[in-house]
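Here come two complexes built around chain A, the first alongside chain B, the second alongside chain C.
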Partner chain A sequence: MDSVSNEVVLDVRNLSVIYSSYGVEKKAVDSISFKLRKGEILGIVGESGAGKSTIAKAIMGIIDPPSYATGEVIFNGKNIIGMSEYKLNKIRWNKITMIFQASMNSLNPVESVKSNFMSVLKDKLDISEKGEAEMKIDEVLRYVSLPLYVKDNFPHELSGGMRQRILIALAMITGPEVVIADEPTTALDIITEFYVLSILKKNLKRSGSSMIYITHDLPSVIFLADEMLVMKNGLIVEKGPIKNIINNPQNEYTKKLVSTLNEVIE
Partner chain B sequence: MAGLKQRYSRKYIVKRLIGTLIVYFSAVILIFAIEHLMPGNIAYDFVSRLIAENPHISYQQALQEIEAEYGLNLPIYDQFLIYIRNVLFTFPPNFGTSFEYLNDPAINIVLRALPFTLLLIVISQLIAWGVSIFIGVELAIRKNKKTDKASVPLLYFVYSIPIFWLALIMILVFSLYLHIFPAIVPFSYGSSIPTILYGMTLPIIVVVISTIPNHTLIIRSATIDFLKSDFVTALKAEGLKESTFRMKLIRNALLPSITQFFMQFGYLIGGIFIIESLFSLPGMGTVIITAALEYDYPVIEAGLFVTSVVMILSNLAADLLYPLLDPRVSYI
Partner chain C sequence: MNFSFSNHILEVQGVSKYFGRKGYIVTALENVSLTVNSSENIAIVGETGSGKSTLGRISCGLEKPSKGKILLSGKEIGGYKKNELWKITQYIHQDPYGAIDSLETVREILDRPLRFLLGIKDPNEKKELLIEALSSSGLSEDYLDKKGSDLSGGEKQRILIARAFIVKPKYVVVDEPTTMIDFIHRDEIIETLKNEGEMFGATLLLITHDIMVVPKIAKKVAVLYKGKIIEVGWTKDILKNPLHPYTTFLASIKPSKLLGNSKILDVLNNYGQKKQSIVSQNKGCSYASICPLADNNCIVNEPPTIEAEENHYVKCFKPGEFQL
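Our next item is the complex of A and B:
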């Protein structure tokens, strides 16, 4: 909590996301509000289908029409919901980045790891000179404790843990203000998970970025986050500092979640 | 870097080449079989033709001489062995001389025609695939929008136009009414390259138009699938420039294209005959059709042989080139 300031970087107000398919609309996220402060790690916990990943997509502005988001997400004084693609593209990855699930194939399968980095460097940081780009890539690869040769590999040649660290490096390379991590360790074994999370935490400290950490894995939230939101059926059922929620859960769902954790420990 | 050595093992290449040879032998044997399954007797046809031109020849004597010269009086297995020796163990394969042009080896007649057919197919397919990749990706991005909704039926419409009809209409419009292109290709083996290209323009346009719908629909549906992938969601979140995004889509759309390109190539070698004969283009199609009408068996055999070889090679190329485009595929 020491590095968390009171400055709010992301202010989510009454955010709703409506999935629409063949004229049938379904509210996946139901007017939720929360604030993300500078340097804070905010955990969002909930079961599958609770709307966690949808929040991430809404903030990135990548909800495919005809589905849509309403409400406000205030970033740097501007509402980014409904912002033009052109303006959003200046925020995407420059200011707000995302770490996708390890189990997902989020890297271009037909390009080397280096090429995956290059397009971001070129389009986002205007670095097209090869030497400079390589130095930058080497730097972030070191941050995530990866050997430098991986940049010449193709994504399918790497292990899940390595791919996940590459996604972290890719998300950190622009020095973002906000990182949204959507279940970044789902597909990893517990030792690799802990290792990847420590690397993630270290990098956030270094860059001073804030993070929204989305997961269904309560122990990892306790390890990483300062505050947490508990979601069920598109609603926030509980929010507050981690310790308060673990020690004194109020909502029925949260109680069940915490008691499961205790049972496992016992 | 995952180099070529990691993508292709020697074992795979050897296995693939042996497979190719087996297909090659089978093709050679099939050509012999087809020839002998055809109705009629090669010698009778040939002698009838000779007598039609020179009525004073004795039928029986001519028949015996011809059968002796071409080995037609031998038992079928002897004929087969001679055929195998001449085709598999002679270079260039010897199919005998043409019945029509008596001093010309059949294989030479076919090989002279091959470049025209290859030129027609390669140029038209490079253009058609280039255009299709562009249109296909754009339509996939605009799926269910007006452009896409209007284009897809149009593509199916063009797809269903018979190629010979399209060719006839093009000849009517561009040759007879507008006098832009010649109706009949004004060149033959040995003409200058500009003359050949000018004469080929109309046939190329016809093949391009009639193959674009198929290619575009393949690229469109491949790209639509691809747009649903996790990696594209990630690309969108990266907020890259539109051009970068398009290039990455096109790069991935190339994957299904390369296999289709070579498979279509083999198909077109066999299917382009009608265009060649409509434009009197001196390609393989014209040669084989003429030979078939004239019962010129050696040329038919040589034509089938060269067509098979081109098909086998294009399939081999499709197989071997794929790992270069898709790093996930390796032949170990």
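Our next item is the complex of A and C:
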């Protein structure tokens, strides 16, 4: 908590997302507001269909028309919602990055880990000189405790936990201000899950980035996050510091969620 | 039929399983023996690649062991005819999304075991059994005409449970029933499984990587590591007093412990780093390359399985010495 400042990096105001298909509209996220402060890890918890991933998509600007988002997401004083693709591309994957759930789908399967990194470095940081790129890759691989030989491996040759750490490294390599992680560890066994999460936490602390952590797995939120939002049917039903919510939930849904946990946090 | 008077629903005797071809062999299970008593649910706990799913699949006849034998209700599993076997034992797959045809109705899905295994033709009797199966897994009659694609993950899992129990089996293998399910619905699924087992007199073998879910459903637990059972006994004993270093470590992976204890974080970090550089070894303890307590003896010799306290077995030279 001590590393969280009062500076707001992402200010979400009355964000709604409407999915539209063949003229039928459905509100997936209903006028929600929250602030993400610098260095903060904010957990968003809820069951599938609650709208968690939709928030991530809206912030990343990847809601495909005819579906659309309304409201404001203020990043560095500018509203991201409705920003042109040209401007968005300067922020997306650079200042705001995302770690996805399916590591096998997020990495290019026919390229080595090194070339996966090279394309990011070239596109986003304009680094194409080999030696410099290699140094940068080695640096981030060390941060996620991966041996350097994985550079020459292809994604399918690595275990799920290793692939997930490559995704963390890819997300952190641009030095982002905001990282959005959408269920980054659901496919992993419990030891590997917490190992990957501890590495993620360490990296965020080191770089001072803020994170929105989306999951339905409550124990991992308690381990990672400073504050949390509980969502149901597109609405925020409860928000606050983790300790308060776990030890003293107010909303009926949150109470049910917390009762599955059998834990007390000091 | 030749009934056995023993109380053992399942006996696994010296089972090994090897996968692979052309000189590249993976040992999934190595000389595993396990006895499961009737109506005493057991959980098999282990990480990815520990062999827990293989053990589950072999124990219900979905796969043949490379060595050793399986006795189900006192009779060797190979001796059963297929349709006879699936009346006694059922397997619930871990991925409800893959196990249910999205174009079929629930009625069609549940009808198949009735038709092919139980040979029930009378429509009234059928309907009764269908409704009974649905209601015991917590779903109403309205679900009969829903299609697979109309069901949520939790509902799909309930249909799979209903389909398994509709034949009133004696022994049911459940492979990771909650990994694909939202956290909030996990306890409900576990509760449903437990009730069905009790209602129909079936013994469950639950495969899971989450040791915390075990006390909710299983009286006994076996911990697998790299194809070997390293600790087995009553769930209460093992959670209260884990003796193998791996079990001790596994049982402490929860936020309330991780947040206040930097020692566990160190062990976790160490575990993650060592695990990626391990070359499989043939002799010695399977956990020796990671174990903080391992000495030369552990690396060279395989530890014996000892009964540390009554009905609590552990395969370790230094049981109970590792504390977190």
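Keep in mind that, in the parts below, the second predicted complex is superposed on the first by the 259 of 266 C-alpha atoms of A that agree within 3 Å, B and C clash if a C-alpha of one lies under 4 Å from a C-alpha of the other, contacts with A are read in each partner's own complex, and residues count from 1 in each chain.
One rule holds for everything that comes next: contacts are C-beta pairs under 8 Å (C-beta built on N, C-alpha and C of every residue); 3 or more make two chains touch, one makes a residue touch a chain.
The structure displayed is predicted, hence computed values, not measured ones.
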{"item": "Superposed partners chain B and chain C on chain A - clash or fit", "value": "fit"}
{"item": "Contacts of A:Arg92 with chain B and chain C, given as first, second, both or neither", "value": "first"}
{"item": "Which of chain B and chain C A:Thr192 touches, first, second, both or neither", "value": "second"}
{"item": "Touching partner for A:Pro109 - first (chain B), second (chain C), both, neither", "value": "first"}
{"item": "Chain B versus chain C as contact partner of A:Leu146, first or second or both or neither", "value": "second"}
{"item": "Partner chain(s) touched by A:Asp126 [first = chain B, second = chain C, both, neither]", "value": "neither"}
{"item": "Partner chain in contact with A:Ser159 - chain B first, chain C second, else both or neither", "value": "second"}
{"item": "Apex chain A: angle to the C-alpha centres of chain B and chain C, given in degrees as a multiple of 10", "value": "80"}
{"item": "Partner chain in contact with A:Met60 - chain B first, chain C second, else both or neither", "value": "first"}
{"item": "Minimum distance between Cα atoms of chain B and chain C in the superposition (Å)", "value": "9"}
{"item": "List of chain A residues in touch with chain B within their complex", "value": "60, 62, 88-94, 97-98, 100-101, 104-112, 119-120, 122-124, 152-154, 156-157"}
{"item": "Complex contact set, residues of chain C against chain A", "value": "47-48, 152-153, 179, 182-187, 209-212, 249-250, 253-256, 258-260, 265, 268-269, 271-273, 276-277"}
{"item": "Complex interface listing, chain A residues touching chain C", "value": "47-49, 145-147, 159-162, 186, 188-192, 194-196, 198-199, 216-220, 222-223, 256-257, 260, 262-266"}
{"item": "Residues of chain B touching chain A in the complex", "value": "1-2, 229-231, 233-241, 244, 248, 251-252, 255, 325-328"}
